[in-house]
Amino acid sequence: MWSFQQAAQQIHEWLSERMSAGWALALEMVLAGLMAIGLFAMLGLILVLMERKVSARMQVRLGPNRVGPKGMLQTAADTLKLLLKEGLTPDGADKWLFHAAPIMAIVVSMLLLAPIAFAMDFQLWDVNIGVLYVSAMSSLMVISILMAGWASNSKYSLLGAMRSGAQIVSYELSAGLSVLTVVTLTGSLQISEIIRSQADGWWIFKGHVPVWIAFVIFIIAITAETNRAPFDLAEAESELTAGFHTEYSGIKFALFFLAEYINVFVLCGIGATLFLGGPMPFHIGSWEGLNRIMDWIPSSVWFFGKTFLLIFVIMWFRWTFPRLRIDQLLNLEWKYLLPLGMVNVLLAALIAIKGWHF
Amino acid sequence: MNREELKAAITGKWPSAVWEEGNEWATLLGEPEPFPHMMTLLRQDPDLQMDYLFCMTCVDWKTHLTMVYHLRSMAHRHELTVKVKLDRTNPQIETVSHLWRTAEFHEREVYEMFGVRFLNHPDLRLLILPEGWEGKFPLRKDFEDPVNMIRL
Amino acid sequence: MGVIRYLRDIWRGAVSLARGMRRTLYYFLRPKEIITQQYPDNRLTLNLPERFKGEVVMPHNENNEHRCTGCQACELACPNGSLKVIYKYEITAEGKKKKAIDKLVYHLELCTMCNLCIEACPSDAIKMAQTFEHSVFDRSQLIKILNKPGSKIMEGVE
Amino acid sequence: MYHETEILETRTDAEGHEWMTINVGPQHPATHGVLHLVITLDGETIVKVDPHLGYIHRSIEKMCESLSYRQFIYVTSRMDYLSAHINNHGCALCVEKGLQVEVPPRAQVIRVLMDELTRIASHELWWGAMAMDLGAFTPFFYAFREREMINDIMEETCGARLTMNYMVPGGVMHDIHPNFQRRVKEFLKDYKRKISEYDEVVTENIIFQNRMKGIGILSPEDAISYGCSGPVARGSGVHCDVRKHYPYEIYSSLQFDEVLESGGDCFARYLVRMREMKESVRIIEQLIDNIPEGDFQAKTKAVLKLPKGEFYSKVETARGEFGVYIVSDGGTTPYRIKFRSPGFSNLSVLDKLARGNKIGDLVAIMGTLDLVIPDIDR
Amino acid sequence: MGAASLIMLMLAGFTFAGMAIFISSLLNKGSVNRQKGEPYECGIPTKGKTWIQFNVGYYLFALIFLIFDVELIFLFPWAVAAKQTGWLALWEMVIFLLILFLGFLYAHKKGALKWM
């Protein structure tokens, strides 16, 4: 069975045979970098198309269907269009911050890729504090938004940036707390460790009530953290036209757009890893036959399948719900999610200590 | 109250009322001078209680302007028209926007369209027309705009 | 009590959200409900109702004859001045001078499709057509002459 | 009251908060047209809303002064384009009042049927647009799906979808299409099923309810004083349905309720419109099988002349009381014509409702006022 | 690949964004128009200054967040060790969170969490 892990190993051996360790590492890094860029571009194209198709189906219409077979090349055409557009800079803008903000957004979402396990034992950086790393990095997302909103010298942008400042920062806490329940049950912050702990069942199945609650809170929190509807107050188009990226046009706008989708992907990937076992196949205790079939499906398919399922849920939210108001948004966090999350962590600790989980 | 009863009731409270005949509703002719008191009476008197100013406009008769107020009582369901004749060169009348808040917007519209100045209006400035339109009154009969008007 | 109400609020809210999500999922799973019409592709099968008011036309018969007497009723009826009758005098067989149209100019760019001209026409010379693709690059192309070149009035129409 | 000169600059209030002046519109996704609001903000809280109108002002009143009594009716379709048919109805009524023409019963029933269909279509569009303002896109498409069916019915009978131009003084322009009754019945059957979906997706939604309840409360006194009408005033419990209190055509003989809510907030206004759609369905059901035979148009002269005098007629459009005031000098064109548009009065209350609320609430308030800008500007 | 991958990813991010902006700048030819420089405000020239002293409401949340975020950092090592430490860890954290929750209630009562 071909796997990412083996491929990486083979490339590593092949390179090590032919050159010194330093050069091999450097070349590997270039390769990995190119792959990351490729993944970025691919994900952008796929996710935007998926969003448009999902929304179209929910809205009883067809969606893009003209460019390419079934409209598959629509996003590629859109990207080309955005590349050809002129990027405007407002006169009164803080030029440096204005140009740096989209780059910053891209770099942050790129860095978020590091601890993601795309397949079994296939990670760029299996750091022993992987979960904490993701929490830390995802809170950097707000900085690019604040930069963009402040630098634009536009009132809509400023309002959007201020809103997202309060919002992302708040939901950071809930995301952290819900992640903690799984950490408590596993006893490790390492992503690979967490995946291995789910070999006999995903946490969503064996973690009882606290994990279910944590899962719901996590989904809500990442929807808010990535500025997706119904929490898209930073870019609420009926209130602030486009919020923090009102002044961005052309490719810089596209970069923000892309970064948002990549963040959705990465955070859904984390959610899939923590709660749904990531690349771990679906196993049922002693049903050997079923388990073997499940093992036969490559682990990367499992990972991407689960991640896209979560992404679909988040898109489903977006195309169903109205937007919250800023004070309701913060109320939801501080009055409901945060107290619930705190109690939930204690509950998870209780279960972990008593060994009640399966 | 029907039309005649309303007329009688108002005449009882406002003896100097002058009526115009031949319209759908009872039509009270006012003078600019006692006009604010008359309107206050119509608005506040418990029997009349004309609390709904549903239409307010101005008519340019080429010799003079006529302000037309259409009033209704939501409680008693009677309707009344009040007309006030104004001087065409320097039209001025007391505002009624403190009695009916809707008059605030309507008076601004009449102000820019007919040039009637409403005294003591809280915020008398152009509402519909762009800045710099003062002095030309589009709904007056002698208004000419060679660019934007199409004569048929 | 407070805690119970707090939890009940959460539950109710979640249920109401789930109901909405069920409805959108219902449509997501049913492509048959899609109502999009693929317009330029279905042009051939597009059926407009016979009363659809697309533009004013003047029907001509196979001998290039129309029914317009040049009476200007349509011109008078039009609220926007979209129709202009430019008429001339023809000498009939009996040697009498008779009013007839030279051109019936129709300004499609001014027309509001109110149907008043058709109602006003005493000889049913004009009618509404079902065409609707009127976009052109130059506004002057919307000024149309309704009578065909060389056409003349049908026999017996007064 | 703040004056123009004051709000031009960002101001600082007593507590040291700086205020911000921000233009919403004329090119803004939430204004549904070219409404320009100058909003003064303290943080997210609205201090003042100052509407600037006129971006789509065409001076229809002046135009009508040079149009004949047959012609001017069609111009009024362009005011409140969503209830174009009801606008035309008001104008036709006013002209008929002047001419003292008796409209044949068949024409009356057709007019009322069309009015109610228009009202449903207008409320459909409002519903979708308002949900979209609040950030939910999907309801917009559901609303348009149903609205499209009404438009198709309209197109078949009137020949146009939005500005139908179906009214003439004395009746209607054509008889109804042979398919009309069948298609309306099909629509009603489908519609009653679909309207429950609306509740699932929007009305019952907890986010939506929280966005609407207690926001922009309009007291009945204010509603009357500001001249509000239609669903806006009825949401505050004001009895103002023209169809009920000043019945025209055959409304006095129909069974329907004046929809009233007492809350006065955005949700009350929302519920009024939702229930009004159901009332309209009720009216249509009563009439659709009982269209009397006869003429669809009364005989009128080719050139209409109103006697010298003043004529006022009012109808209930989807947005409220629409009045037509014609001053005639006995000629073929009106001497002066004034349209009392419901949107104009409903807009004037916006500042009062929005003050102290957030920007997000402004969108909800504007949504429930159901402003149609050409109706306001005229 | 280890921590070196961070540098690689950062470089990849810069390359990606930089290349996109560079290619875009090559492909489009800009035209000069003074109105292009205006900040977007629905087509109306902006009035007053944009960079103002903003209402304190937004920042209050950032402050409260800081407190809770520090608490969250404490929770991470605890969560890793909770299983081994057993009951003691649970009680300690209950007390810790209780105190924190009291602080939270205080902030709530004081109205710090009320949006202004």
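As written, the chain order gives the labels A, B, C, D and E, with residue 1 at the start of each chain.
By definition in this document, a residue touches a chain if its C-beta (ideal position, glycine included) is under 8 Å from a C-beta of that chain, and two chains touch if they have at least 3 such contacts.
On a predicted model such as this, the values are computed, not experimentally measured, just so you know.
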| item | value |
| --- | --- |
| Set of chains adjacent to subunit B and to subunit E | D |
| Pair joined by more contacting C-beta pairs (B-D or C-D) | B-D |
| Central chain of the complex, centres being mean CA coordinates | D |
| Relative to subunit B, chain with the most remote C-alpha centre | A |
| Subunit C and subunit E, separation of their C-alpha mean positions in angstrom | 55 |
| Between subunit D and subunit A, distance of the C-alpha-averaged centres to the nearest whole Å | 45 |
| Whole-Å gap between the CA centroids of subunit A and subunit E | 15 |
| Sites on subunit D at which at least two other chains make contact | 20, 22, 28, 44, 67, 138, 145, 201-202, 205, 207, 358 |
| Residues within subunit C bordering two or more other chains | 17, 20, 23-24, 35, 79 |
| Of all residues in subunit E, the ones touching two or more other chains | 41-42, 46, 50, 54, 57-58, 115 |
| Touching residues (chain side subunit A, partner subunit E) in the complex | 25, 28-30, 32-34, 36-37, 40, 82-93, 99, 102-103, 106-111, 113-114, 124-125, 127, 129, 131-132, 150, 152-158, 162-163, 165-166, 169-170, 172-173, 176-177, 180, 183-185, 187-189, 241, 246-247, 250-252, 254-255, 326-327, 330-331, 334-335, 338-339, 342, 345-346, 349-350, 352-353 |
| Subunit E residues touching subunit D - in the complex, by the definition given at the top | 41-44, 46-50, 52-58, 115-116 |
| Of subunit D, residues touching subunit A in the complex | 20, 22, 28-30, 41, 44, 131-138, 140-142, 145, 201-202, 205, 207-208, 210-211, 358-363 |
| Subunit A-touching residues of subunit C, taken from the complex the two chains share | 10, 17, 20-21, 23-25, 27-28, 31, 33-36, 38 |
| Complex contact set, residues of subunit D against subunit C | 67, 70-72, 74-75, 77-78, 138, 145, 148, 155-160, 163, 165, 168, 173-174, 177, 197, 200-202, 204-207, 209 |
